[in-house]
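Encoded as structure tokens, here's the structure I'll be asking about.
As written, the chain order gives the labels A, B, C, D, E and F, with residue 1 at the start of each chain.
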Amino acid sequence: MPRIDGRRPDELRPITFTPDFLTHPTASVLIDCGKTKVLTAATFVNNVPGWMKTQQRPGGWITCEYGMLPAATGERTKREAVSGKQGGRTVEIQRLIGRSLRMGADLTQMGERTLFLDCDVINADGGTRCASITAASLASALAFRRSAAAGAPSPFRELVAAISVGIVDGATVLDLCYEEDSNAEVDMNVVMSESGKIIEIQGTAEKAPFDRNRLNELLNFAEFGIKRIFQMQREALLRAK
Amino acid sequence: MPRIDGRRPDELRPITFTPDFLTHPTASVLIDCGKTKVLTAATFVNNVPGWMKTQQRPGGWITCEYGMLPAATGERTKREAVSGKQGGRTVEIQRLIGRSLRMGADLTQMGERTLFLDCDVINADGGTRCASITAASLASALAFRRSAAAGAPSPFRELVAAISVGIVDGATVLDLCYEEDSNAEVDMNVVMSESGKIIEIQGTAEKAPFDRNRLNELLNFAEFGIKRIFQMQREALLRAK
Amino acid sequence: MPRIDGRRPDELRPITFTPDFLTHPTASVLIDCGKTKVLTAATFVNNVPGWMKTQQRPGGWITCEYGMLPAATGERTKREAVSGKQGGRTVEIQRLIGRSLRMGADLTQMGERTLFLDCDVINADGGTRCASITAASLASALAFRRSAAAGAPSPFRELVAAISVGIVDGATVLDLCYEEDSNAEVDMNVVMSESGKIIEIQGTAEKAPFDRNRLNELLNFAEFGIKRIFQMQREALLRAK
Amino acid sequence: MPRIDGRRPDELRPITFTPDFLTHPTASVLIDCGKTKVLTAATFVNNVPGWMKTQQRPGGWITCEYGMLPAATGERTKREAVSGKQGGRTVEIQRLIGRSLRMGADLTQMGERTLFLDCDVINADGGTRCASITAASLASALAFRRSAAAGAPSPFRELVAAISVGIVDGATVLDLCYEEDSNAEVDMNVVMSESGKIIEIQGTAEKAPFDRNRLNELLNFAEFGIKRIFQMQREALLRAK
Amino acid sequence: MPRIDGRRPDELRPITFTPDFLTHPTASVLIDCGKTKVLTAATFVNNVPGWMKTQQRPGGWITCEYGMLPAATGERTKREAVSGKQGGRTVEIQRLIGRSLRMGADLTQMGERTLFLDCDVINADGGTRCASITAASLASALAFRRSAAAGAPSPFRELVAAISVGIVDGATVLDLCYEEDSNAEVDMNVVMSESGKIIEIQGTAEKAPFDRNRLNELLNFAEFGIKRIFQMQREALLRAK
Amino acid sequence: MPRIDGRRPDELRPITFTPDFLTHPTASVLIDCGKTKVLTAATFVNNVPGWMKTQQRPGGWITCEYGMLPAATGERTKREAVSGKQGGRTVEIQRLIGRSLRMGADLTQMGERTLFLDCDVINADGGTRCASITAASLASALAFRRSAAAGAPSPFRELVAAISVGIVDGATVLDLCYEEDSNAEVDMNVVMSESGKIIEIQGTAEKAPFDRNRLNELLNFAEFGIKRIFQMQREALLRAK
């Protein structure tokens, strides 16, 4: 059975990286992944969170804030600044992105700075958290490169990328669009390091539990897709200033 | 004395309109005005605010929400969804935009609908509220045209546009960039209708009060700039679907 | 056509200033302006806002908080302390009052202090923001005089006053009461300095845009009214301790 | 040992009631009790709280909201609308006032209405909760009388009044001013009905526990003071429209 | 007329203290009082509230936070962390508990520490605030004893206990269960010291005011019950480590 | 290398289930898992969330709220009702629990009801989210059994259980205590159905990414532990009313 947008089961949507879409932050990357469009920005702040000082933990910190513009979705989403708090889904996602990106750097080699990764979804068609991680990793790499060129320490270790996989109508598929995602039996997000290891795996049975064989198939698809993404990140990194 | 970016006193920054940057809302317009970049979206919701029902006020409503991405500014701005409320400046601006846009339509001819105008500043370099009004007016015009094509009533009356003027180092200037704005003696925003009348005027002495003569000069500059903007809006309206 | 309360188009409502209605603050002024009744208080706090310290900006600060008692209006207003935040209108007004009053003083000559201006509407019948500015300026002048008598620096420059003007049923009128205000085609608030210059002008087309001639007529009315108010402020200043 | 303001131990401060200080609510009473000044307003709303509907409880409801203007106290108090919530003391007081006033009426005879009692402290010098109860009871009586004159049901049963008593420097005293209150060993508020019974008694050992004999002495003082207050309320009720 | 659960008018429900139900705090006591079950914990924090520093007030502080699990009540209670604030009843209760417990210690002899008393209602059947005070006093005594054994100063003065009394169907009763409490004409909570004095008395006419004779009878019942509770606290203190 | 508490790598901590610890909810289960103690309650509410009505989605809903008492942790945790919102970790956990438990029931067969699962951590020593899922599943099973006995539809499908696994000092271990958890290189929570399938898998590299072999080993440990837990749940289900 063909996918709703005609892709093969293991086919990624087209990905484009537009570095430096913004003029102010140290680095920014606009990622287009099919119709999903996320703007990520990497900004250094010369300070660390209060708990690091309390615990006398040396080095720096990487943190993420995630948001979605109200008009990014099919039905207009209520603006979180108006409802007065970030929703549960938002909090869950930004914690995932922050954790994932911290694995790509050696925080103890970062100096007493915080790197803010702002991931704002401009247009949503599924896979926004994975697109955020992939683009934010590229923005981080650029920010660390530029900050190192200016004499600051460089804690960069390796790139990080993420992709969704899932089971839709019984079939294992890679990089689900919104239509697929909202009907999936199983939805899984996988974050990996350039060295081929797992940083985070979050798999959820939305309609029916799944067995170990299916889990392995899902991971095979994810690995296949993420390898291709690392190539595109590397090319973008070469082209950017 | 030349302006910081080399413009003549009565010279606008280059303006570009990119309609339909987004896939979901009825209409959207990305405006570039120098380095200022605002994404505006017009979305219909089949409902009106509670107070209209209570007051049994017929017709529809137009409302605006304004936001600024944290990385849009020179120093990273705290995310309002995190601090838990919209700041005073945000509230002030979105009320201005909403009022201005309501003057461009006959709300009684709108049907029982609300038009949400989301204005999100992607990159800020001064003049974001005026750019928002100008782009949101274009997005509204497109949204009403498309909705009318689909059989809904069209309350559209005329386009609305806005520009800032001010006194910088003693000289009257048009369309202030951030650098000029933060050093201005007087800062004024003018919203006008295509028919050449004033919809809103907000002038503030930031450093020194000003007299009636200066007020007239400021208004002359604003009228001159806004006329040019109406031409650009009209061209964009012709080109768009 | 006569005005609803029988006044001439350019006639102010009766104004009374009651200084020292309160026992605790450095100065306080209760203003009665027709049926509108606003209690303003000027209190020094030996501290400046955090951002002034961060920016190492010398001198002091003047800030305003505005509120309205629930029973001050025709229909009971929800208490903002209960709803958990200040509404948009409140925020807009208190920012206007603060900006206006700062123009009446030389903040650099103020010492490291903040002057809080609390403006609380006890009874509302239109024009509360203008009455607040006028009374708060008087309270500030008294507070600076008393604080200077006690040896503190005096940053006082000049008095500030405000009045509303508008177009009601096609006619230009001065100092609108609530009934007029809620039916006005155009509503404008003008803040001026004793030296006869404009500090803030905010004009809004509520029902129909207006042209430059009308704007000039509105400003003539405002100037006429504000001159009369400055006389009354001066008399109150002479009478007060 | 004489009291700080020269009063005898069982002497009330001078009390003045100013009915109809406001133009909008059904009734309002400004009470001056020494330097304490509280503005109370009684407003009917044609609705009852949601829980009454859920429980299908017949009749109406009386509720109170209490507030204190920032400049009402010696040191400026933070505005609750700015801090985003009512403080614990405020909540405790408004619940006490509401409970007390509900005992003065037969809610089942009230019709499906809510009576809002807004008690706003304009100037504070101790005893604000008792002054609020005393003035709000008068305002309620007026509101019920006027509403009955207009044909609505009248649930009024009897007046309610309150006074503070306490132990200061070992002596039992009536109607504590702020200075006495902040040094009291024991602080007690007593609310009574015109029929001479106790509606609420709240006694707190601030510095040392007290025995039953002392409790009786405190209650004797309270009864003595409250009887005098009921006379003044009755006189005010006769004079008012 | 017999009581709903067959008790005599002056009969307490069975009380059990389970010390050290928790592993982390310095001391904890689970109290069972009939079906009411409250978990109290006493935790030292090496800091004092900001206002004590500002006022340069020496010694330590004792404070209380009260909560109720959603499933503790007959109808599920909304979780306060979800609704975003503590309700009025919660605030009122935790202020009462804190005040009461502070009377059992000499804060000036406490060192610069704060003792947090967390009182969380696990299961509710009336009398939760009194059970909280009684158990928190026991937990405090244990915490001070252990902290003194470790060399810290001991500010402990005496035990504190509380009980409810009320008028139900015209009869004076001791220790009301929920069913009685929700139908009581008068509801009173009394907090006393081991030395037999009153620390706090809060009596409320829920349905009808009461006279001085009835007040004395209520206090006799309370004294009788509290004496019995002090014996049980003392026994528990002896048994505990 | 032995584990900190002497367990074998694949050894669970002792687990005890205490059903009906509470008197009000349909079912409640207190779980002790080593020193971790979580109180779970299952309460039916005859209503469904607003979005289900909007989407006209038939059947019922299962939702979870998670909380932690302040004294449950080594260092006292700030009470979320006081800080005014649920923290990110809390939100993440309660969403996980809700999703997991919904897989154990057929919501379409549930009738128009919501089952609230309150999971409150009384004492914390690692593994609180897994203990919550395991106990809440037991409470749900009891609640559905009792509600079915009373004639309501029974949507129960199968039990759900969860356990943590991780890599500590290079070794794969089952059921981490707090000490292990805070030093783990990898931390993984696995939720499975009684039928042996995966409902949710969340693995996070806290210190170093891990490969597919390690993932399989972690899953083997989890499967082994969860099978043992299902036996204990079944026994508790047999014993309970």
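A few comments on the model shown:
Keep in mind that, in the parts below, contacts are C-beta pairs under 8 Å (C-beta built on N, C-alpha and C of every residue); 3 or more make two chains touch, one makes a residue touch a chain.
As the structure is a prediction and not an experimental result, all values here were calculated from the model.
Centroid distances from chain F, each centroid being the mean of CA atoms, peak for C. The angle of the rotation superposing chain C on chain D, based on CA atoms and rounded to the nearest 5, is 180 degrees. Taking each chain's centre as the mean of its CA atoms, D is the chain most distant from chain A. Look at where the CA atoms of chain C average out and do the same for chain E: the two points lie 50 Å apart.
Chain A and chain D have Cα centroids separated by 59 Å. Residue positions of chain D touching 2 or more other chains, listed in rising order: 84-85.
Because contacts link each chain to exactly two others and close back on themselves, their graph is best described as a ring. Think of the chains as beads on a loop: from chain A toward chain F, the beads read A, F, E, D, C, B. Considering their complex, residues 21-25, 28, 35, 39, 41, 43, 45, 65, 67, 69-74, 76, 79-82, 84-86, 90, 116, 118, 120, 122-125 of chain D touch chain C. By the touch criterion given at the top, residues 85, 88-89, 91-92, 94-95, 99, 103, 192-193, 195-205, 208-212, 215, 219 of chain E touch chain D in their complex.
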